Each structure stands twice: as C-alpha cells, then as structure tokens.
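Each of the next two complexes has subunit A plus one more chain, namely subunit B in the first and subunit C in the second.
And then the complex of A and B:
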C-alpha cells in the first residue's frame, strides 16, 4: 500500500511527463546536437562535428549587428514600458469602479488578440497612407518613413508588451496599504516624497519582474520584426527563420536559436538572483 | 485617496488611444469600398469580407486553427487536471522539479520550441502531421491550464473530500462528485485560455506546419509579409470579432479580469 501511494503522483502526472519528455526535452537535446553538425551547401547536414556555427556568430560582424540591435530594442522597449505602464497602473488604481475594471480590460484584453492582427494594425497606422504619417505631415515633418524602421518595431513592441508590465505592477499596487500612504501624508510628506519613499519601493519588485518578462519576450519576438522591420531590418528571431527556411542551414539556425535561449535564461537567472534577492532581504 | 488630476487623465486617455488604435483601425479599414488601405469616410462596403469568405486558403486555415485549438485545449486539459492534482495533493521527491518542467514552455521562446520540434518531426518523419502539430500545441498551452487547475485545487476546502471518504465513498466517487465539481471553474477557465492561446499561436507553428495544416495566424503572417491590402484588414477584423466572442465566454464562465491578472486578485 505504501508502495503504491508513493507512485500515485507519478502515475497522475505521467501523461504530462511523457509529453514533455517527448516534445520538449528530446527535441531540445536533438537541436543541441544539430548545432554541432557540419553543414555543406551541396550535401546538407553531414555527420561530422564542428563548433564553427558558434564561432561564426561570435566572430562575424553581421551577427554582432543583429544581436546588438535585438538587445537594445528589447532593453529600450522594457524601459518605455516602465515609463508608460507604471504611471498608468497607478492612475488606474486611483480610479473607482466601473471605470477601473473597464480601463483595466482595455489595457489587458489585447493580450488575447493575435499578435499578427496587432502588428498588422500598426503597419497600417505607420504606413505611407496611415494616420500617423498624415499627422506628422500636418506638423511639417515632411515625408518621414516610419514603417520598416527600428521605431516602427519599437512602437508595436511597446503595444504588445505593455500588458506584461501592467499586470505585475497592478498586482503589487493591490497589495499596498492605503493607510501607510495616508500616514506619510499626515506626517507632512509631500505627495512626491510619499511617491518616492512609500509607494515606489513597494511596487519595485513588480516593476522588476515586469521588465524581465518584457525584455525576454521582446528579445525573442518574431512576428513584430517580421511585419514591421521588413526584409532588411533583421532581429535574432527573424534570422533564425531565414537560416531555416531560406538558407536551409539548419545547424547554424539551431546554434543561433540556442544562443538566444541560453542568453535569455542567463539574464533571467542572474536578474532574479541579484535584484530580487536584494529586495527580498530589504523587504523581509 | 486622492483623485487623478488633469495631467494624469490626459496621460491615461493617450494610453487608452494607443492601446485601441491598431485594433480600431483594422476594423474601420475592413469596410473600405476601395482597393487601398484607407479609412472609409463616405461609403462603406462589405466586399472585402465577401472576399475573405471566398478565399479558400484563408477559410481552410481558419478551420485548421479551430480544430487544432479545440483538440489541443481538450487534450491539454486531460493531462493537466491529473498533473495539477498530483502537484497539490502529494508531497513527493521531485515535485518542484516536475512543476518547473511543466511550466517551462512559458520561459522558453516559442521560436526555440519551433526549431526544436521541426528537427524532431523531420527526424521521425512526421512533418505535416496534424496529430503531431496538435501535440506541439498541447505542450505550449498546458502551463496555462495547469496554473488554473493548481490555483483551483489549492483554494478549496479539503474537509469536503475527507467527509465524503469517511462516509464510505470510493476514490473515484470522491473525484467525480466532490473534487471535479469544485475545481470545474478552474478547468473551464483553463480550457478557454488554452483554446485562445492555441488559436493565436504563430511563432512555433510557422516552423511545424505544412501547406495542408497551415493555421490562420501563420497564413495571415505569410500573406502580410508579401502584400498589405484590405483583404488582410477584413480577415483581421473577423479575428478580432472571434476573439471578442471568446472573451465574453471567458468572462461569463470564469471572469476575464481574473484570467488576465492571474487568478489571485
């Protein structure tokens, strides 16, 4: 009896474990192996081994440009999401229902709409016939091209990622005790000091986990640079796609994808350790 | 608590316009009578909607997406419910490890999952198989169901189960008559969230679909990289409407705000 009781959780999670082993663990290992295979233009993937694909990414300036672009676009997107998302979540938290729930839905519900549709919407807004272009021309900006530039990618990226910043900040704002704020104000703190010394430190963990999610998702996003960056402006995800579907150089594509995965995981783990660990200590 | 000032409200209005702009624009442009991407001002037409329904590739990939989402959400619920119960009802060696594994598709970029699955599918010769595509979708949507099942089965009173057991109910009867009805809102919510996530999934699917199994978002992505015309706007508007329907369903059955913020608020 004790024996079967020990096995029961494994029996219950067995089907899921089977699926995750077959479709997550095994394919990742296979892709790891694939990235070390030699690729030949004529023969395709051969059976001999090499680390050339990783070296190529480290050495070739073409990849440096793309990795650097992906990094700064993602970092800037996270920063803009903080600058827009944090005040917006705070403003929402000071509203009363039904406005509060309504606006929260407007802010978060786009998450459920396909990212292809949202990116396409932006490519129409930012295109040569779009409204943004017309408005810019009224202000005498001449004919600036926005679509297929880094700005276009970033505008759509902020739109898609903003909910991921608002959710954790909103959650930590809900945990605030309004009496602490009132106490600070009654002790003659200015609204600014209250904000800086009372509210901000308490929602900081929310901001940090939000920016982490936004950065990670931006760095690996595929549809947004694909639709708004055009053929010329590549990010890491879009060159992986090109290597797989156009160049047919799967080993190189696999190496780039794995570098992206490892970089993502490394950033998440260090960020968690360093920053959140410090906040846990500070807040008890 | 203080009220929002004028500056705060203007900022808020700007953010709301920013969030709604791309969705509103696709719905407006979809009604254009012309052939360019312009907002109709004088006359409206449904010609582009008719064109979407006459476009056999788009219609075919809509049905692919629908069946795929229905199948994968259901399969994923079937494996996530026992999985979630194992996580919450038992303390066993390797539980945290298993939980981490089951939630890891949320952390791994879908692009990486796509290339990894493409490699495996081509090695075992199942590229273009609808069944394996469904299993791939089950993998990425299971974390969503699992989280809601775990939240539901932590949040309820275990004494009901113990009462039933002490009254002589068998293990299966307890599950069927007590546990299942009590975690049912979590299961329904999880199923719907899984459904919409599978329906929207594009980055992984673009690697593992074949011409016959192409899903709607993949088809629309391919189309949009080549040409931008009102046909895409009409298709997008229909997707927005479809998503709205699912949202209303989620709201009725589980609570839209609860599912979006994460079940704890």
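And then the complex of A and C:
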C-alpha cells in the first residue's frame, strides 16, 4: 500500500520524464562531453580531453564581438517589442468582441507561417530592389543598405517575436479589474497617470515574462540572422552552425552553444530577479 | 436649489432605455439610497453621476454647476466601487494617498489627512499592508477611506456591502452611517437590499424598470408603499383585491364574501382596488373574536419572530408575531385575525406596475 503510494508520482510523471531525459538531458550531456574533446584538423575528433575550446572563445575578440552583437540585438528586440507590444495589447484588451477576435487572429497569424518563409519575405522587402529601399529613396534618403545589417535582423526579429510579448501582457491585462481604472479616474488622475501608475505596475509580470521569452528566443535564433545577416554578420547561433557544418569542428561548436546557453540563463535569471524583486511584494 | 440635482435624466443603450426621465433633488448632507432589483437602472444612474456613463438626455447639476458632460476625472466625487477597486500594488496608505497626490497636496498636509482618515475608519494599524492581505471588511474600509480623504462634495456608494457576509454587513451598515454623519458628506448609495436601504438612508428612491416609482423617508416608504411592487419589494405584504363600496374616511371594500373597513379610502365606488396590509400589523385573537378566522398552514422561526401562513376565506395571509413568552402556534391551529382599518393601504398603479 505504502509502496504504491510512493511509486505513483513516479509512474505518473514517468513518460514525461523519460521524454525529457531522452530528448533534452541526454543530448545536452553529450554536447557537454563533446565540447571537451580535442579536435585535430587532420584526424578530426580525438579521444583526448581539453578545455581549449572554451579558452579560445573567452580570449578571441572575434567571438566577443559576436556574443556582444547577439545580446544587444536581443535586448533591443525585447525593448522594441515592449514599446510596440504593450500599447498593442492594451488597445486589444479595450476592443469589443468581433474586432478583438479579428485583431488577435491577425496578430497571431504570422506564427502560422514558417520563419524561413517570413525571413525570405523580409529579405526581398529590404533588399536593394525591395519596396522599403524604393520608398526611402523617394524621401531622398539616398542609397541606404538595410539588408545584411543589424537593422534588418532586428526588423524581422521584432516581427516574429511580437506575439510572444503581446500574449503574456494581454493575459495579465485580462486579470485587471476594470473598476480599478475608474477608481483612479474618480480620484482626478489623468488617463496617462492612470496608465503609468495604476495599469503599468499591474501588468509588469506579463511584461517580464514576455521580455524573457523574446530575449531568449532572439539570442538563440538562427534562421533570421542566417538569412538577413548575410555571410559576414554573424550571431552566436549562426557561428555554431558554421563550426559544425563548415569547419567540422564539432567540439568548438558545442562549446560555443553551451556558453550561449549559460550566458543566456545568467542574463535571464538576473533580469528576472531584479524586476521581480521590485514588484513581487506588491503583487504577491 | 438642491445640492445635487438630476433633471429629467435618461440613458439609452441603442434601442433599450436603461434610465427613463429620472429627476432627483438631493440636499447637502443627505444620505439617499437608490433601491431596486437588478436591471432597474440604479447603477446606471450612479454611473451617470460619476461620469462613467454618458447621459443621453437631461442634466446633472452639482452645487449649481452643470456637470452633465464633464469628464469623470474632473468631477472630484468620492466613489466606493462594488469590487472596492483598490490598487492592488499599493499599500493601504498609498491607496489613500493617491487622490491627494493627484491634487498635488503638500506632503506634510497629505500625511496628516491620511492619518486622520485612516483613524476614522479604524485602519491606522494596517496602513502598510497590501490589499490582498486584508479581509473583506477591511478592504471595504480602505475603499471608503480612499473616497473620503479627498473630501468630496458627494460620496457615491455602489452596492458597498454586497460582498460582505451577513453579520459584517450589518455592522458596516451602522458604521457607514456613523461615519457619514460625522463627516457630513452628501451620499448617494445604490443597493438591491431593502433592509440596508431602510436602515441607513435619510431618503430612499425606489426604482423599477428605469423609472423612479417612490421617493420617501424609510419609515414612510415602508408604511405607505404606493405601488404593489414597492409593498412586496420593501418588506413583506399581504395583498387583497376587492371592490370599493363606499369611499372616504369610513370607506368599505368588498373582498370575496366579506366587507372590510378601510380608513381614508380614496377611490371611486365600484372600482377595483388593491390593498396591502403588513404582516406585523395583524393581531392574533381567539377564534371568532377577530375580523375573520384562519388556520395555520406553515410556520417559520426566525429567532426574534415567527412567520405564520394562515388559510382564510380571503386567501392566504402572512402574519409576523414576536417570539414572546407565550407558546408558539402549531400547524392546524385555528385563530381569529384582526387589524385596524388604517393598517390597510390602497396601492396605485397596480395594473401598470404589477
């Protein structure tokens, strides 16, 4: 009797646990092991151990530039998503029903289209023969190169990531008592002050989780920098791909991938602590 | 000139009329309650005073100024919402402080006012708590403090007690009234609870289907209900239909097979009339000693009172009697029922407001 009671949680969580172990934990461990193998240009991966790959990434400015670029692009993408997504979610939550469903669908529709297709679309729009370039030239902007720059990556990134910001913010807006807004207005607050002092602090958890999702996905994104960053503008995920597929230096690729994972985790946990710490006491 | 006046105020939502031609004149310092069943337009009326609902036609005047179309954040009214609508991310003190900050009151004066108001609602000890750490009754007090601290010309209460349990509700009723007396703020409350309306208001406004049907002091409203609806919505009532035989001071009415005396009957002889008599106005006597006999069919014990249902020649009658030292009646007991001729009230509008 006691025995079955003790085992039941393990039986119930067993399938998911098995799946996780087989598909996430095991590959991660294998990747980890791989990153410590010595790589030889001639003999390939050998059975001796080393930490040289990690040291190389730590020391070489080439990787510093790429890591730094990855994180500032991701952070700026998250920020732009907040600036666009929060008002968007607010407007959405104030709409009444036929329109709200329609706009929610419009907002989510891009998620139904493959990232590859969307990135190709952007590369056509932003390219030298694209519409954006043509419009800019009408306004006398001269010949500005957008494709294969950080701007191109960020434009496409914001487009892809926006739903991941709007949805959590929208969810936390749904939980607000509409009378709370009226209460602020009745106390002579302007609509702007109501937004800033009453609504914004309450949807902070939504903004927090939205920005974590956007930052995490951006920092590890591969297709968008691959297609819109071109051959020269690398981000971490594309350099991992290069090491694996072009240089065939799998151990170095594995090391870079793990450094990205750990750096990403550190940044997200710190950010979460800082922001949540400020609002946790008030919002429970 | 009244302090707060609603002049022929109406509200239409598309084709439906939520509030129809309501006129109401409220004096300074008065506690007025809008009473009615859900959907009668009482909350909409309150929202129009607050500025959250647009007035379709008519005017609202506050202290001589037309506020019909002014924005809610310029009216300066104190509002206690049904859900309390406290700011969940702010402490009790910050909640109360918010309205004063919006008025750019200097810090020293602000703290003093907050302290005095929290003292008034007995919340000084909880000033640094967050709303979710408070009980329902305490939240209610915060909401009241937040509305009162700005010293509003008018305090609006939207079903303020409906989220509290029965015992707390009764306590808060009297406390609300005491606080209102102390600060003297003109107050408009909305409720569907007739007991609440009767116990704390100076005047009660009964609303039904978007219209005002009677405005009176609680006692008058209860004792002289003017319509069938009010007589049954406010307290319990026995309704009797009959035909006027003679009108005037010594009026007589034919009800079924019997004739009843009605004091001061204002209706034409031969016309159909609807009369009401309150259950507690009926006295119980020995059989054949009263106006008619009745047999107890059911009884309910409420603690202070008994409710008896009697089967009589003119239909079922409800009688409320005090739980005295006498033995309570048993089912199937036969007794005489009696009442004075001025306990019978003639109800009007029976046909239209059934």
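Throughout what follows, the second predicted complex is superposed on the first by the 266 of 284 C-alpha atoms of A that agree within 3 Å, B and C clash if a C-alpha of one lies under 4 Å from a C-alpha of the other, contacts with A are read in each partner's own complex, and residues count from 1 in each chain.
Here, contacts are C-beta pairs under 8 Å (C-beta built on N, C-alpha and C of every residue); 3 or more make two chains touch, one makes a residue touch a chain.
Treat the numbers as computed from the prediction; the structure is a model and nothing was measured.
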| item | value |
| --- | --- |
| Combined model on subunit A: subunit C and subunit B, fit or clash | fit |
| Partner chain(s) touched by A:42 [first = subunit B, second = subunit C, both, neither] | neither |
| Which superposed partner A:138 touches (first subunit B, second subunit C, both, neither) | neither |
| Subunit B versus subunit C as contact partner of A:8, first or second or both or neither | first |
| Touching partner for A:274 - first (subunit B), second (subunit C), both, neither | neither |
| Subunit A: partner with more touched residues, subunit B or subunit C | B |
| Touched partner set for A:201, first subunit B, second subunit C, both or neither | second |
| Contacts of A:177 with subunit B and subunit C, given as first, second, both or neither | second |
| Least C-alpha distance (whole Å) that remains between subunit C and subunit B when both complexes are overlaid | 8 |
| Touching both subunit C and subunit B, counted on subunit A across the two superposed complexes | 191 |
| In the complex with subunit C, residue positions of subunit A that touch it | 177, 179-180, 182-191, 193, 197-198, 201-202, 279, 281-284 |
| Touching residues on subunit C, where the partner in the complex is subunit A | 50, 52, 71-79, 81-83, 85-90, 98-99, 102-103, 130, 132, 146-147, 150 |
| Subunit A-facing residues of subunit B, complex | 1-4, 8-9, 11-12, 15-16, 18-23, 25-26, 29, 36-39, 78-80, 82-83, 85-87, 89-90, 92, 95, 98, 101-102, 104-105, 107-113, 115-120, 123, 135-136, 138-139, 142, 146, 196, 199-200, 202-203, 206-207, 217, 220-221, 224-225, 228, 232-233, 236, 239-240, 243, 246-247, 256-257, 260-262, 264-265 |
| Footprint of subunit B on subunit A - complex, ascending | 6, 8-10, 12-13, 15-17, 19-20, 23-28, 30-31, 34, 84, 87-88, 91-92, 94-95, 101, 103-125, 127, 129-131, 156, 159, 162-163, 167, 170-171, 174, 178, 181, 191, 216, 219-223, 226-227, 237, 240-241, 244, 250, 253-254, 257-258, 260-261, 264-265, 268 |
